[in-house]
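Take a look at these structures.
Two complexes come next, and they have one chain in common, chain A, joined by chain B in the first and chain C in the second.
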Partner chain A sequence: MFLQSLRKPDWVSFPSKYKGVIKINVIAEVFPDLMRGLGVTVSVLIASAFFGYLMAFIAGLCRLSNNIVLRKFTGFYIEVFRGTSLIVQLFWLYYAVPMLFGIELGSNWWIGVIAIALNYGAYMSEIVRGSILAVAKGQTEAATALNMSSFQRMRLIILPQAVRMMLPEFGNYLIQMLKATSLVYLIGLNDIFYYGNILRSNDLSMAPTVYLLVLLFYFILALPLIFLVRKAESISKKGVAS
Partner chain B sequence: MNWSWETFFDALPLVASGLGITIGLTIASYLFALIFGFVWVFLRRIPFKPISWTVTWIMEFIRSTPPLVQLFFIYFAWPVVPYVGMTLDPFTSAVLGLGLHFSTYIGEVYRSGIEGVDKGQWEASTALNYSLYDKWTKIILPQAVPPTIPMLGNYLIILFKEVPLASTIGVVGILHMAQSYGSQYWAYLEPLTIVGILFLILSYPSAILISKLEKRMNRRFDKKAALSSTQKGTVV
Partner chain C sequence: MTEPIVEFKDIHKSFGDVKVLKGIDLNIKPAEKIAVIGPSGSGKTTIIRMLMTLEVPTSGDIIVDGVNLWKMEKNGKMVKANEKHLREVRGDIGMVFQHFNLFPHMTILENCMTAPIHVKKEDKEEARERSIQMLEKVGLGDKLDNYPNQLSGGQKQRVAMARALVMRPKIMLFDEVTSALDPELVGEVLEVIRDIAKEGEMAMVLVTHEMDFALDVADKVLFLDEGVIAEEGTASEVIEHSKNERLQSFLHRFRS
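Our next item is the complex of A and B:
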């Protein structure tokens, strides 16, 4: 009997709780389960990116407005959302807002999207503001000399130049937003991470495989974004002096 | 409006008692990231291509995946990993998880600092026959690190705002305290607001401080850059 146990390959004599770590077929078992959460993760990412960029432009332009009330109010919004962490804002929207006003904010999906969009909108509004200010002053003056209205000036002259400068940072924040979507699990959305945690709580021995796969899922989602950022960097550098 | 000042002042001491853990965790994981950032830099500088290439992609992997999942991996999955696995308490897991995540960012900051050092400095240290150790500690790093201090400060503030993630694995910081108060008395509004206010009070002044520091640093290093460029101009 002793000899028999010697002849066995190493992993067979492992305590049974370790078996799952080495078995390849665990991946095949886990993969379809995680796939079920992919839709939620991607939809939250796309929606929060859309509203985040929208928020960034609105807040960034408001910061540059001549109306002092608007400017101060936007500044307050930006500082509050940049000064606290996303997870706190998410919980605040989820737990506190319904208690404060006695209203429900629609579905949990919307709460997650709103939290991520408001948070990253605040960060990205600074990029919008900085890029618009970075467009050479002569451009504004030339547009004024051509008798353009302030709206035309912004739309036709300033923004096309400023947006190009924003692209690389916008791409970086898109990756940050992808990472942030994992938080929506905490308010009860069934994303990739949620299914990963379900699998882990069913069988702890699968945990390393499950979490590595979850990380891989996020990495594969991030890969195109990483290349997009590199592309954006080359676009924003093209034809710019120095 | 269901705001109650009574609950606010009732929850305040409890929530504030988690502040020590939150700040302690921030400092511990920041120190870990500062030290481990150097490890990444030096691993990446190994001239053997496959190694530096692998290290670059590992850094990219850690940086572009959610820190929350990484925390869960370290806390729940690491003890089950054969041979090397061990059970870690929540605080240590959080230090390792957040520290490792931010070390990849800080490694990039160091790298940009090192690349900013003038090529002549490398040549000079070789010409003066400095050993590898002396070259790094006496010539390169003293010039590479100071210009990156504002960026490092920014990452400290960003890290501070990521620290409440650790409440999900049971580190009893301010967010965890607020949640436990909330679930006990079914009053989330006031404790969560306190958490937000505490974060603002701590991070807003430090952000202002960092931007002041950045302006001062810029002036200092721009002067040098301007000086060297004019000198170059006269030579040419």
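Our next item is the complex of A and C:
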């Protein structure tokens, strides 16, 4: 049987006979190793955020288009990517898509970025759409009365107000994207989590110390983002209501 | 006889099954000041929204400066106007809304100068100068860098007028521009409209419940009732000497 050839992974029902403590003296050893993954984690985050926001705007605007084909197609993309899990999407792009269609999506780094960007872009496109719809109808009418074109209305009047509404939610998703980057070690990227796992598999007794530090790494990375969300919230409160 | 700048020809308008306008014929001459009065729901707002291209008539024609507003010729047939056609025609028309509709993310000055720069492709400095002059004219020269939410209702409405005026429309539409204001702020806004009206060259359509103001400013008054123009004439004919019973009972509610 095919299934029998799968070996039971070692972490299933982790035996409690292993005891370990957090070792202060190991921290100095672990820290530099984890640092080696920082670049990948941060670069994947920045690129996924950039393309994720871009995707959110493209899909959000397409959802509001007059073209029904475009609207339906974008709706399909959004439902597929929101309705399935990021891990599975990652593996699809990594294994299935190249094998099925012969499409090489680029390096592992790019595949990770594309998966996270498409997944979070789908979620965030709903924020873009909702915020644009939430701008008062009177704003469009006033812009029409000034004879602006539909493109000018969107660019000068609607989007600037809608973006202010999007900012806090965009910030929250940025923090979620940071957390999502820890999945890219599954497709062979050497991020913080990857180095953490390597350290653990070399010496199991280091596991508590390693994962404590991994937690701290992610938390410290998230801190400026949390600060950014606060800032975004205060910006979005200013100057929206007339 | 001067040619009318706007003609309504047998305009009908329904929202779903509800017939709101049942045949409106109306001429507006250049520089003419027309006040529209009538009970709530009689279709006053709908009339000027159709002229501003915010609402499509169900049937009939609106001609602006000789051009059909809602229809255009295509392969020898008249078809529903597209956005490009509407943009060409509505440049002559400006509107002030009951609820101001200022752009909250822009300063007062930016509210005024954005359209001249982007729509009329005016030089930035020139648009700025003209906007400042216009804002000074409506008494807001000291608020240029304020945001709309820092202004009173009366001030907001004066900004809205300046914003429409810098576009130099040939026709200005006012939809009950004082009815969202506290009573003590109504005077300052009417004062500005009076000044604009006296300058003369622009045609104006004013939907209003201020009868004294209509008597003062309007060349012509229309009484709109149940979807038709029930009474039409000079301000004094309609407001002071009409025999129309429904008009009298309507007016009665404003005299106390």
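The working rule: the second predicted complex is superposed on the first by the 216 of 242 C-alpha atoms of A that agree within 3 Å, B and C clash if a C-alpha of one lies under 4 Å from a C-alpha of the other, contacts with A are read in each partner's own complex, and residues count from 1 in each chain.
By our rule, contacts are C-beta pairs under 8 Å (C-beta built on N, C-alpha and C of every residue); 3 or more make two chains touch, one makes a residue touch a chain.
Quick caveat: nothing in here was measured; it's all calculated off a predicted structure.
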Joint occupancy of chain A by chain B and chain C, clash or fit: fit
Partner chain in contact with A:M148 - chain B first, chain C second, else both or neither: second
Touching partner for A:Q139 - first (chain B), second (chain C), both, neither: second
Partner chain in contact with A:E79 - chain B first, chain C second, else both or neither: first
Residue contacts with chain A in the superposition, chain B compared against chain C: B
After superposition on chain A, the shortest CA separation from chain B to chain C (Å): 19
Residues of chain A that lie at the interface with chain B and also at the interface with chain C: none
For the chain B and chain A complex, residues of the former touching the latter: 1-3, 60-61, 64-70, 72-73, 76-78, 80-82, 161-165, 167-168, 175, 179, 182, 187-189, 192-193, 195-196, 199-200, 203-204, 207
List of chain A residues in touch with chain C within their complex: 136, 138-139, 141-150, 152, 156-157, 160-161, 164, 239-242
Contact set on chain A toward chain B in their complex: 14, 17-18, 21-22, 79-80, 82-89, 91-92, 95-96, 99-102, 175, 178-183, 185-186, 193, 196-197, 200, 204-205, 207-208, 210-212, 214-215, 218-219, 222-223, 225-226
Contact footprint of chain A on chain C as seen in their complex: 52-54, 83, 87, 90-91, 93-95, 97, 99-105, 114-115, 118-119, 147-149, 156, 160, 163-164, 167
